[in-house]
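There are two complexes below, and they share chain A, which is joined by chain B in the first and by chain C in the second.
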Partner chain A sequence: MPKVTYIEYNGTEHVVDVPVGTSVMRGAVDNNIPGIDADCGGECACATCHVYIEPEWFAKTGARSSQEESMLSFAAVTQDNSRLSCQIEMTAELDGLVLRMPEGQH
Partner chain B sequence: MTTDGSRIVVIGAGHAGGSAVALLRQYGWSGAIALIGAEPLPPYQRPPLSKAWLKGEADGDSLLLRPARFYADQRIDLRLSTRAVAIDRAERQVRLSDGAALEYAHLIISTGARPRTLSLPGADLRGVLTLRGAADADRLKAALGPGRRIAIIGGGYIGLEVAASARALGAEAVVLEREERVLARVACPVLSDFFTRYHAARGVAFELGCRIEALEGRGGAVAGVRLSDGRLVACDTVLVGVGAAADEDLARDAGLDCDGGIVVDGQARTSDPAIFAIGDCTRRPLPLYGRSFRLESVPNALEQAKQAAAAICGRPAPPPEVPWFWSDQYDIRLQIAGLPFDATETVLRGDPEAGSFAIFHLAADGTLRAVEAVSAAPEFMGGKMMIARRQRLLPERIRDTAISVKDLPA
Partner chain C sequence: MNAPVNQDLAQEVAAIPLDKIDVSDPRLYETDTWGPYFARLRREAPVHFCAESYFGPFWSVTKYKDIMQVDVSHQIYSSETSLGGITIRDREEKYQRPSFITMDPPRHDEHRKTVSPIVAPGNLAHLAGTIRERAAKILDELPRGETFDWVDRVSIELTTQMLATLFDFPFADRRKLTYWSDVATVDVNAGTAIDSEEKRDEVLQECLACFTELWNQRVNAEPRNDLLSMLAHGESTRNLTPKEFLGTVILLIVGGNDTTRNSISGGLLALSRNPAEYRKLRDDPARIIPTMVPEIIRYQSPIIHMRRTAIADAELGGQHIRKGDKVIMWYKSGNRDDEAIENPDAFIVDRARPRQHLSFGFGIHRCVGNRLAELQLTIMWEEIMKRFPTIEVVGEPVRLYSNFISGIKHLPVRIPA
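Presenting the complex of A and B:
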């Protein structure tokens, strides 16, 4: 199963299996990894699953939709490599994905 | 924090309870945690029950808040199909429907809310449904399809979402509302009008300002709704969507302060310092609005789950959040930030005819109190931030869509 490395703001790393077809947000929630709140449950309605994708992986995660773009533009401390993790679906090509969490989601 | 030997009991395995147990582990609680759920399912998401789940677009596992294995992985003693029947505060014990008694160091009550029912002749006929849990949604789903006709009593969020889903499934839908407009309790008239027209254009019928005399049946099954003007609205299913009341019986029986919801403070603590209450069952302070209120929403459940878990684990209290709500109907996304308490002026931004607009609610001094955004994510997100900052805004700037949301305060 593909693996994803989630790095908390304090540097703690979590490497977990995320099944193909599952969102990167759910991978964190299902393993109780702190730092991703996901208030709306993956509807792209709240911007509380904001993550920074490691640059070498960013292009592989695909393009942001216009809804995601709007939500992100108001999230705390966005960067060029910001994504909402509920909008990234796990694929075999994303095996090894590394991402970092912002300081907070609210 | 080391607290082995002391147990946290959480009564109610909904969104609030299910989130609280996960956060307690994230925050380092190492002692025992028991989660008591009356339903046979592990904690699941309720919002899809009137939307994607009802339309058959989501499967069972996607509904779960976390996978079934999660609770064993996190050493959470999940007891399903089990009810708490009494709280003994002197002995710090919860008695369960299976006869067991669980001692607690801290108790979290997250019993949610119960749908209101009608006290009308025929209210107990077969085919008269409410919608709160997954079993309700399964019954409702079985009643919706081509050739079926549902009468929805109550034009609130649940009623309108079910109407949209019913149309998607090919059923006819009629909404019966006591007030002169839908969403009367929760949204402003511009929004009510927009949603009524949007639904009507998709085949939903409306009876506004109507009084219901009785539900009439044939062979024990509902066949129509009799209105006070004598007309019969024919249907084969009735959904009663007239709001919900806090499920506070356990708390009241245990002598905790209740007032249309279990009364809690800003850390979700009840009148007993060992007992917390979170989610739909609580009446909570709203620091931004200087009052207390009962909120029914997932973000509220999550915020209070954070408050209780932080208080129990000795972490700093999380900062207060702006209440928010969402509803999906057809291709519309409604997002509401804040509550229109003390608002004296509403300002429209954008054009309802274009399908994307927002209504800003201002207090007398111009402070932004709430934003209702229809398929307008920037207005929602920006509004939420400005509400938190108690930003004052000028109506003429809000109306000017050439000014970006971010620049509204200037």
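Presenting the complex of A and C:
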């Protein structure tokens, strides 16, 4: 099963298996990884699963939809490599994905 | 023990012809009898058309997933002031006060981004110390062994002090903010002195005059970290018209005031009516508070509804919505939808996935201050539990006549001596 490394704002790393077809947000929530709240449950409607994708992985995660752009523009401290993790579906190609969480997304 | 089911009321509601059900009646919220009405709509007509009401014809959206769909589809369901804005009540043009909550993109996005930094994580961490200090002082001054109004002494005081801080508003005059907030949202049929839009406007003009003076001070000073300074110096907001400025100020006052106030009151009420839950909190506050806070916000649902106006034809829950139709998302109902939330009528302080609720809305208009609201409630309950193992509710709450704000006007309580 593909692995994803989630790095909390304080530096704590979590490496977990995320099944193909599952969202990267769901991978965090199902493994109780703090820092990804996902209040809306994956509807791209709350921006509480905001993550920074490590630059070498960014292109592989695909493009943001216009709804995602909209929601991200209200998230705190966005960067060029910001994504909403509910909008990234796990694929075999993403095995090894590394991402970081922003400050204060409890 | 949870909310008792009133069998007489349930039977009465079951006997109303479906097309005559009108959940816009503010008395349902004043008397806390809305439950069976929404339960029936969710069951029999989740997207329901009410052809005749005091507020004109409107669609009611009552289930969680349909509300979510409306909230995220801002290209179809508009918030624009000139179409009717975000409340079920239509307002004449001269009483319309636009702000980013009643704007669609792109203007909405620009205005919202100007004020959102005040509730960014870094600033919240900075505010936490102030909130704790003020909460501690408010609680330390409460009387013991005598009945007092929790709403006035605690809920209003904490939220109003916070709001004065966010605006850097003269602290001694802070109750003006409470007053203007109440005036801005009061139902003109509620029996208060504000019995017409004209009278509402008179009072809000005083609010505008006061804030304009403060604006003038801020615009001539270096930019600072308060909401007014941010608006005065923000590229997209520094040229606001007086009406837009008033609209924005009111939005921020109401948003930062009524909602948290009523969650502070509603939380205590829910705990007192659910002693087993109160016991869980007492036994382990550090574990319970993080899940209890979102549960309080769900259970209270401080904003009863938000309105949209369809700007295109659309399908929703099997119904055909036409361009121009008024569509009401009843957050209070969606938060009690058992297809989305398990055992939704129960107040459960350690609920699994407690943040899955509609109280903040979703999509681009999702509450900008949601984390600040949670922070205030969290600190409040941490400080309460350090001092008072029990606060007794000693009488019935007095609720607000409104279909918009789920308000508790008075809540008599006693802290054992």
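Operating definition for what follows: the second predicted complex is superposed on the first by the 105 of 106 C-alpha atoms of A that agree within 3 Å, B and C clash if a C-alpha of one lies under 4 Å from a C-alpha of the other, contacts with A are read in each partner's own complex, and residues count from 1 in each chain.
In this text, contacts are C-beta pairs under 8 Å (C-beta built on N, C-alpha and C of every residue); 3 or more make two chains touch, one makes a residue touch a chain.
Treat the numbers as computed from the prediction; the structure is a model and nothing was measured.
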*Please indicate which partner A:V77 is in contact with in the superposed arrangement: first for chain B, second for chain C, both, or neither.*
second
*asked:* Looking at A:E13, would you say it contacts chain B, chain C, both, or neither? Reply first, second, both or neither.
replied: neither
*asked:* Contacts for A:E93 in the overlay, against chain B (first) and chain C (second): which applies, first, second, both or neither?
replied: neither
*Considering only the touch criterion stated at the top, classify A:E43 as touching first (chain B), second (chain C), both, or neither.*
both
_Is A:Q105 touching anything from chain B or chain C once the two structures are fitted on A? First, second, both or neither._
second
*In the overlay, answer first, second, both or neither for which of chain B and chain C A:Q67 touches.*
both
*Touch check for A:D30: first (chain B), second (chain C), both, or neither?*
first
*Check chain A for residues that touch chain B in one structure and chain C in the other, and list them.*
37, 39-41, 43, 45-47, 67, 70-71, 73-74
*Report the residues of chain C in contact with chain A in the complex, numbered from low to high.*
68, 71-72, 105, 109, 112-113, 116-117, 120-122, 124-125, 355-356, 360, 362-364, 366, 368, 371
_Under the definition above, what is the set of chain B residues touching chain A in their complex?_
22, 25-26, 45, 47-48, 65-67, 70, 73-74, 298-299, 302, 318-319, 321, 324, 326, 328, 333, 335, 377-378, 381-382, 384-385, 406
_Of all residues in chain A, those that touch chain B in their complex_ = 29-30, 32, 34, 37, 39-41, 43, 45-47, 67, 70-71, 73-75, 106
_Of all residues in chain A, those that touch chain C in their complex_ = 37, 39-41, 43-48, 67, 70-71, 73-74, 76-77, 102-105
